[in-house]
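Chain naming follows the written order as A, B, C and D, and within any one chain the residues start at number 1.
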């Protein structure tokens, strides 16, 4: 993977933003390997993602940041300059189901996902061996249905201890407390096992089966306090028919879930997902 | 198209149904060109569709029906024997939008849909010339928003006059009175411009845009008294992104709508769609 | 449709292109509604498409072109500034099959394709009425299998007479002479009824049927002197199975062909397709 | 998984086959959970797959086979009665790439693939630990490029020793000797990393990149002596664009490869794939 810096910005739209930013990049020798722009006409908002060869820049990242600050202020930008070489720390929360986590771990193990996974937290013990085979600590935090607060607190404590930059709910199946959602706004990714907004809440495959839909899907989104209502990052579907039982839907859905979650996480890790309001811009 | 008879049956499941029916077919010389079976474990119901070469049968259709009746009664079957050569009469209801009806008319005109279209009814005049070019009568029935009942009555009257076997709502955009729904139960096909059950009701593209979904879809279903809740025949989706405005969604969605409606109607006309409860078995 | 100017450029990659071009745009007041960039690492080539609100520019198009020329020369650019309001003249060549041309005509008629269609040329008479209903002249140019040259000459003559900017082969089924290909390089679009490079040449559905593929497809590409080898603009596929006869493949394939051709043409008309070598960059 | 017997037959088509077979099944109390039929008009061949609840049969499997033999002979059937409870022994051949084998092992480990995997054979050591974690023996058989015959012989010897019913080439990347192909005709499954027949042979992703295709695919097929020419079981594709490098194609293709191979193997293990000539009937 080429070493780059990613200059991610979004701000109110006006004439000259691209000129100003790209002039800045060029002044510092920056060679663009990729550049993406989006002007949202509805909200009059402008989004940019510039990927710059690290060794083309004539000064260090911190100096670049310092130099860019006045421009950002002038345009009222939300912005960051991300070093592609810095591995984000992704804590994965799982439950009993293994398909999403096995998929993520294999992608990580085979260098398809550029990140560290400092630990996996689960409310079941069954995945311990698989996780530990990958050399990743496994933290067992059972959830008492009658009193979930201590488990939630423990999970949040562990997330802090392992210094998570990002939290992935790989079919964790627990409702995340509002405070935890806020702490990881735009950095906590869930996979929901339906094509949202269809079948919000529990048992989407049962609902899909009962409704007789001809496609089932999965949705990866950032977690917000509103259950299954956060900004959607990625969705996909698969065709089903009357021949499929509810168990078939569950089985077929697994393949969609894991693919959608992996694509969403990869895009997140490459800073391709910009959140604005309750929607995303995904520069893929 | 080969001349066949289609023996369509469904009934409570038990041992020996296939044996009994296929023995009956064989006894009368019936050569099967296609045979489909489905046992629904949940409802313990059995569905069959046998397509039989017409000229292989040793007796006429009415005689076959007479001979089959005792078997049907023994097994408690819903059934019919359909002559593939008999063109169903399909009345199309349209509004202002032309994409679905233009698509259906072209398929019909190029012999891809085997049916008669005795007339098109619309609450707008703009499609008259297109319809009449195809040699099909065009009936203009404007709808007074303040008093819709007369228009509905007129439409139902025309449907009866033109002896419709089947009614297609090609983006008609009017809510069909309950009594009309009941009269055409399992024979009135709608295209809804969303991936149901997402975005039920009006303005689904606006809702999809606001929610930021990454796929938009369309759903063809039989019309029932519950708006957008009838048995689903066919669905499909298309990928969209942040780059697409609401107008883009409308434009891209048209292609999905017309394809889904055409597939649903074709399957209906070939007696491939069996309704059971609020779900369909589609032997495609 | 908003009135814009599209500044399309491609050239050898180097630091500062985006800065230079976007600075130029900003200097003249240009408000970007869309901006796309692609750096091809393999060929070290840079591609840009800037869409600029027409009324934001402080000078006329010709003056902008004049002002841009020195920059284009400095960077060795292939470039053009296209007025989105200018309708391109698209001559369609068809044969007996109606699905692609009916689809294109309906999209044009319903303002989904922004262009003029000065005439349709065909070697069969059967589509005359459909074409003329749309108010478009129909030119019948039969092809003598024993001596095709006169027909080809006549087609090229008509194309010139009708001042075609772009030629679309909507299942024309004739091999285009090399000289005609060269005259319309990058402006003559074909739809091939297979997923190229599978099944090059004649009878692709028969070949697909014989090979037992599980998906069939269609490919839209610019025509070059090498049959079915030109730069690919768009492709798509549809699932098939053992249940489908060769006739079914032909029927199902039609839907893919017309959708692929329409998307390719639309992207071409919006100047979203940049050709480089034998490949395309499609900014869709 | 319900315990069933699968009666799989194919033979020249004639009137009465379904009647005769289903009568036989019913006579012995057989409750059909699934029944699939296909009449191939081109070759005049008939294919059936009947799935029968094991505990509904009034006699044992061997007795059923004995009783069915005369019918099979009368109709000239290829046939077998398969006990769904008997796990097939699947030997997997792999090379350095891990994505397909990791996917298959996880599906097997999570009971999604009903089979035994008596061993994995590879010409590289890198997958040993992953395979052994699953409790499966790992056999390392390096291939000397200058003299491949001994390695091929060793692989075939191991396949025999481990009593393989089925061999899966999970990106094994070696050409299988003709004699080995014949020994496992219809039981040796390969995954080819292109949408066959496009890009037969080596380096399909490089070829796809060079051709500028807009979709890449994968094909699972039975291995025959003709390289990449065997009967196709399953195919799928994924969309790519100018933004994707050859390395991106390789990465994106992995997801298609593993999904296609897993679906093909599952259908094979459930006796849903019937080979006839160089084509397959897949009752999925």
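The rule is simple: a contact is a pair of C-beta atoms (placed from the backbone, for glycine too) under 8 Å apart; a residue touches a chain by one contact, two chains touch by 3 or more.
The structure displayed is predicted, hence computed values, not measured ones.
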item: Pair sharing more residue contacts (C-beta pairs) when B-C is set against B-D; value: B-D
item: Whole-Å separation of chain centres (CA-atom averages), subunit B against subunit D; value: 37
item: Interface hub residues of subunit B, defined as touching at least two other chains; value: 34, 41, 243
item: Overall pattern in which the protein chains touch one another (line/ring/star/complete/other); value: complete
item: Residues of subunit D that touch subunit A when the two form their complex; value: 34, 98-99, 102-103, 106, 109-110, 112, 129, 133, 243, 251, 254-255, 259
item: Of subunit D, residues touching subunit C in the complex; value: 38, 40-42, 195-199, 211-215, 217, 231-237, 241-243, 245-246, 278-282
item: Subunit B residues within the subunit D interface of the complex; value: 15-16, 18-20, 22-23, 25-27, 29-37, 39, 41, 56
